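Look for chain A in each of the two complexes below; its partner is chain B in the first and chain C in the second.
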Partner chain A sequence: MIDVLGFLITLTTYIGIYLVLSLTLTLEVSSGITNFGKVAFYGLGAYTGALIGTYLPLAITGSRASPFDVNGIQLLYTISKSNPVLDLSVFLLSLAAGFAVSALFGLLLTYPIHRVGSALVGFTLLSTGEVLRLFYLNTEPLGESKGFMGIPNPFAWLPQARGAEALYLIIVWCFVGLTYFIVSRIMNSPLGRILKGMRDDELVALYAGWPTPLIKSKVLALTSGFTGVAGVLWAYYFTSINPNMFTPSLTFNIWAMVILGGIDSIVGGVLGTVLLASVDYAARFVIPFIGTTLVTPDYLRWIIVGLVMLVVLLKKPEGLAPRRGGVSKL
Partner chain B sequence: MITQDLISFFLFSLLYLTVTIPLVLAYRVTKVINFTVANYITYGAYTAVLLDYYMRSSFGHNSLLLTVLSSFAVTGLIAVLSNLAVFKPLAEMRVKGDVLMIASMGLWIVLKYVLYIVSDIASSAWRTNLVSYSQIHYDDISLLTVRAGLVGVQQSLVVFPLLAVASMFILYLVLSETRVGRAVLAVADNSVLASLSGIAVGRVVNLTWFLTAGLTSLAGVMWTTYSGAITPEVGDSLILQVFTIAFIGGLSSLTRTAAGALLISGVENFGTDLLSTYLGLPTSIKPMLTFTVLLATLIVSPPLGVAGGVPYRFTRGARR
Partner chain C sequence: MGVKLIVEKVTKRFGGVVALNRVSINVPSSLVVGLIGPNGSGKTTLFNVVTGYYTPDEGRVLIEGSGRVVDITGWNPNRISRMGVARTFQIPRLIPSLTVLENMLLFYDYGSCASITCSLRRKWVNVEEAAVARAMSILREFGLESIAHKRPAELSAGHLKLVETLRGLMSDAKLFMLDEPFAGVESWMARKLTDTIRKINREKGSTFVIIEHRITELLEGVDYVYVLHNGSLLAEGKPDEAVSDERVIKAYLGK
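Entry: the complex of A and B
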C-alpha cells in the first residue's frame, strides 16, 4: 500500500524548498547576477542550521556527547521528543542565523565580484560553492564526509508524525509565500525596472546615475539570505546533511527550472520549478525500485537537466511562461 | 620534500599551460566562456583510458602517439559538433555572452554524464573497472627513455614536457606560419573586419574549436601518466585552477596567462607545503589558496570589459 498522503506532503515540501531557491534565482537573473553558486549559500544556510540545531540542544542540556556519535544522536532525539519550547526556539534561531550568515556572506562576496563581468561573477560563485563543500568535507567539527545526522525536527514532540510533517509543510510554504511576495514586489517596482535596465546594459544604468555595484550587493545579500533560509528548511526537513548534497549539480538543477519556465519571469520560474522538481522527486522515488541497470538512471536524470537547459535556450528562449510587459531575453 | 615540491610545480605548470593557453585563445575567437573545457580534459583522458585497455587486451602494447592523435581527434570533433549544435545557433540569435555561458554549463552536464554512461557500458562490456582507472604506462615512452638511458624515470616527467612543448609548438606554428592561423588571429582581434577582408569567419571559428579543444585534451592524456586514479571527474577537479589562471591573464594576454599558470602552480605546491609545515594546516587547504588567489585577482587586477563587464573600473571618489 503506497502512502498517498505522505507522498504528497513530502513532494510539496520538496517543491516548496526548491521554489524558494528558484524565486530568488529569478530575482538575481533579472538583475544581471549570474549566480552559479546557489549551492554555496544554500549549503551555508543548511550547515548553520545544523550547527545550531545539534550543538545548542546538547549544550543547553549540559551533555558532553558529540552530535556525531550514536549517543549524541539518541540524546538529541530524546530532547526533541520532550521539549517543544526548546525545539521551536532552536528552529527559529537557526532560521534567523541561516538568513544572517548567508546574507552577510553574499554581501562580502559582492566586493570582489562587482567590478567584473557576469561570466566571471558566475564562475567565482560556482567555485565558492565548491570551496565551501571541500571545507565542510575536511572540517572535523562539521562532521567531515558524514555530515550532520540527527538534526531534530522542530515538531518532533507532536504525538503523530503526520502532524509534524503537515506543520512543517505549512512553515515551508509560509516562506515560499514570503519569498514570492518580496521577489514580485521588487521585480514589479521601479527598482525592478532599474534592475532590468542594469542587466540589459550595465554601462547605461551606471551613466543614468544608478550605483549598480551597490544595488547588486543589496540584491545578492537579500537573495542569499533567503537561499540560506531554504538551506535551514532543508536541513531540518531531511534531518541529516552531508557535503555531497551540495555539489554544483544542484545549482544547475535550479537553473534548468528557471530557464524552462522563462528566465526573469516569476510565474515561469514557479511553473518550471513545479514541473522539474516533481520529475526529480518522482525519479528519486522510482529509481530505487528499478534496481541495478546497465546505465545508472541518475546519470540520465542529469543529462535530461542539461538537455532541458540547452533545448529551451535554443528553441524557446523565452521559456514556457514569459514575463509579460517586456522583452524577457537575457 | 623540496624536490618533490619542485617536481610537482614543474609538472602542474606544464599541465595548466597546456589547458589555459588554448582556452584564452578560444575565448578571444569564439567569445564563449566555455566550461566544457573540463569535458575536453576528461574526454582526452578517457580516450586514453579506453584505447589503453583495448590495445593492451588486443595487442599487448599501447602507444602515446596513437593515444594523442585519437584524443585530439575525438575531443576536437566533440568541440566542433557542440559549436554547430549549440553555440553557433545561439550566436546567430544574437544572445548575450551570459546565455552562451549558461548553455556551456548545460553542455558540460550533458557531456559529463554521457562520459559516465560510456565508461559504465564499456566497463560492463569488458568486465573491468574503467570508472577509476590506474596510471597508464606508454610502451613507446618506455622505449624512448630506455634508449636515452633514463631507466627508472617516471613517465610523467617525460610525457608532461613532451606534450606541453608539442602543444605550444603546434599552436605557434599554426598561428604564425600559416595563412589560416593568421586568419584565426584576425578573427580574434575583430571578426567583423576579418569577414570584410574575405575571411570565412564561420570556418575559422570551427577550426579554432577543433584546434583548441584538441590541444586541451592533451592535458587529459598527460594526466593519465601522473594520476593513480583516473576518474570522469578529472576535468572538473581542474576547473577552478584553469579559470583562475585565465582570469589572471585577463582572458586576453597569453603572457600573463602563462605567468598565472606558474603562479597558481607555485602557490598550490609550495604554499600548501609551507602552510602545512609551519602552521600545521591540513593539505586540504589547497583549493582555498587557489580561491584566495582568484578573489585577489578580481580585486587587484580584475579583467575589465570582458565577458559582459563594464570596460572600466568604478571606484568611489577615485578618478583615473
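Entry: the complex of A and C
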C-alpha cells in the first residue's frame, strides 16, 4: 500500500526547500555573483540548526548525555514529545542563528574579493564548501561521518505525526513565499536594473556611480542568510544530517534548475526547480521498485535527471520560461 | 554649477610605452572645451586617468568647485562619478540585457531608493517616474522615442553611439567628459548634440571636455581646444588658433 499523501507531503516539502535555494541563486546570477558554493551556506545553516536542536535541549534539562549515542537521541525524542514551547523556541532560535551565521560568513568571506572578479569569488565559494564539509567530517562534536541524528521536529509534541508533517510543510512554504517576495521585489526594481548592469558590465555600473563590490556583498549576505535558513529547514525536516549531504553536486543541481528555467527568470527558475526536484525525488522512490542490478540506483537516477535536462534544453534552449520584457514596471 | 578640472603633470606608462607624458591641463569652470590629437596621442588614456579607470604613475588630478579643491587622483570610478563627473566611452558600452530606456535609467541618481530596503518596500516609484520622464524627454529631443524599448543588439551603430552619449547626459554632472560623441552620427543629430551641450552648459553651468575627430563639428561647439600628440600637450588655444597652429597641422599630416 503506497502512502500517496505522505509521498506528496514529503515531495512538496522537498521542492519547497529547493525553491528557496534556486530563488536565491536566481538573484545571485542576476547580480553577477557566481555562487559555486551554495552548499557551503546550506550546510552551515543545517549544522547550526542541528547543533542548537540537539545540544540545547539536552543542556537545558541538565542531562550529560551525548546527542550521538542512543541514550541522548532517546532523551531528545522524549523531551520533544512533551515540550511544545521548547521545541518551537529551539526551532525559531535555529532559524535565526542559521540566517545570521550564513549571512555573516558570506559577507566576511567575499567582501574582500568581489573587486578581484567573479571567477575568484566562484572558486573561493566552491572550495569553502568543501573545506567546511571536511571540517564537519573530522570534528567530533559535530558527529564526524555519522553526523547528527534525532534533531527534534518542532511539531513532535503533536499527537498525530501527519499533522506535524503538514504543519512543517506550511512553515516551509511560508518561507518560500517570503523568499519569492524578496527576490522578485529586488529584481523588479531600480536596484534589480543596477544588479543586471553590474553583471553585464561592472565597469559601466561603476561609472554610473554604483559601488559594485559593496552591493554584491550585501546581496550575497542576504541570499546566504536565506540559504542558511533553508539548511535549518532541511535539518529539522530530515531530522538527521551528515557531511555527505553537502557536496558540490548539490550546488550544481541548483544551478541546473536555474539554467533550465532560463536565466533572469524567476518563474522559469521555479519551473526548473519543480521539474528537476520532482524527477529527482520520484526517481528515488520509483527506482527501488524497478529492481535493476545492471545500473546502480544512484547512477540511474542521475541518468534520468540528465536526460530530462537534455530534452528540455534541446526543445527550449532559452529555458522553460525565459524572461521577456524590461525591468521597469510602470 | 560647474567645476574646474586640473590635470597636473600626469604621466602614465604601459610597460615601455609612455601614453601620457607630464600632461598639464587647466579647464576653467563652466567652459566647453575640445581635446583633439591624432590617433594614439593619449586622449582616451587621459580620460581614463581623470575618471579613475587608471591611476597615474606621476602627477595629480584635482577638481575645484564651490571654493573647494579635491584631489581625486587614484579614486575609484564610482567615487569620482559621485563627485559629479560623467564619462562616455569611445566604443559604446551599453548594457546588453537592458533596453535603451533602462540603460539611461541606470545612470540616474536614485539615491537611497537604490537600496535593498527601498526595493522591498517599493518606495522607488516616484523617483522612477521622474527618471523615466527625464530619459524620455532626452530621447524625444533626438527623435529616438521609438527605440526606447529596444535592446542594444537591435540598434544600428549610429544609434548605439548616440545612446551612449545621451546616457552620459542623464546625470546632473558638473563635469562631462564625452569621448567622440559625434562619431558615426548624422549631421543634424550632431548639431542637435552641440545645441544640447550648450544648453546644459548655459542652464546648469556644467563643464564639458569633448574628445573628437570630427573637427568641424567640434569647433562650432567649443570655447577652447587642447591638442595632444604622442602623449604630450602639443598646443592649446581658441579653436581657430589651435587648429591653424603649424605644429598641430604637422602632427596630423606628418609623422
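Assume the second predicted complex is superposed on the first by the 302 of 330 C-alpha atoms of A that agree within 3 Å, B and C clash if a C-alpha of one lies under 4 Å from a C-alpha of the other, contacts with A are read in each partner's own complex, and residues count from 1 in each chain.
As a working rule, a residue touches a chain if its C-beta (ideal position, glycine included) is under 8 Å from a C-beta of that chain, and two chains touch if they have at least 3 such contacts.
For clarity, every value in this text was computed on a predicted model and none was experimentally measured.
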Figure out whether A:Phe252 sits in contact with chain B (first) or chain C (second), or with both, or with neither.
-> first
Who does A:Gly225 touch here: chain B (first), chain C (second), both, or neither?
-> neither
Count the residues of chain A touched by chain B and by chain C, then name the partner with the higher count.
-> B
Answer with first, second, both or neither: which of chain B and chain C does A:Trp210 touch in the superposed model?
-> second
Of the two partner chains, chain B (first) and chain C (second), which one does A:Gly45 touch, if any: first, second, both, or neither?
-> neither
Does the superposition put A:Gly268 against chain B (first), chain C (second), both, or neither?
-> neither
Taking the superposition as given, does A:Gly150 touch the first partner, chain B, the second, chain C, both, or neither?
-> neither
Using the superposition on chain A described above, determine whether A:Ile182 touches chain B (first), chain C (second), both, or neither.
-> second
Given the touch rule stated above, what does A:Leu191 touch, chain B (first), chain C (second), both, or neither?
-> second
When the two structures are overlaid on chain A, which partner does A:Gly319 contact: first (chain B), second (chain C), both, or neither?
-> neither
On chain A, positions contacted by chain B and by chain C = 203, 206, 330
Can you check the complex and tell me which residues of chain B touch chain A?
-> 33, 86, 89-90, 93, 95-99, 101-103, 105-110, 112-114, 116-117, 120-121, 124, 239-240, 243-244, 247, 282, 284, 287-288, 291, 294-295, 298-299, 302-311, 313-314
What residues on chain C touch chain A, complex-wise?
-> 51, 53, 76-78, 81-82, 87, 93, 95-99, 101-102, 105-107, 109-110, 113-116, 118-120, 122, 124-125, 127-129, 131-132, 149, 171
Counting only contacts in the complex, chain A reaches chain C at residues 182, 185-186, 189-194, 196-197, 199-201, 203-212, 218-219, 222, 264, 326-328, 330
Where on chain A does chain B make contact in their complex?
-> 34, 36, 111-113, 115-120, 122-124, 127-128, 130-131, 134-135, 137-138, 202-203, 206, 213, 249, 252, 255-256, 259, 294-296, 299-300, 302-303, 305-310, 313-314, 317, 329-330
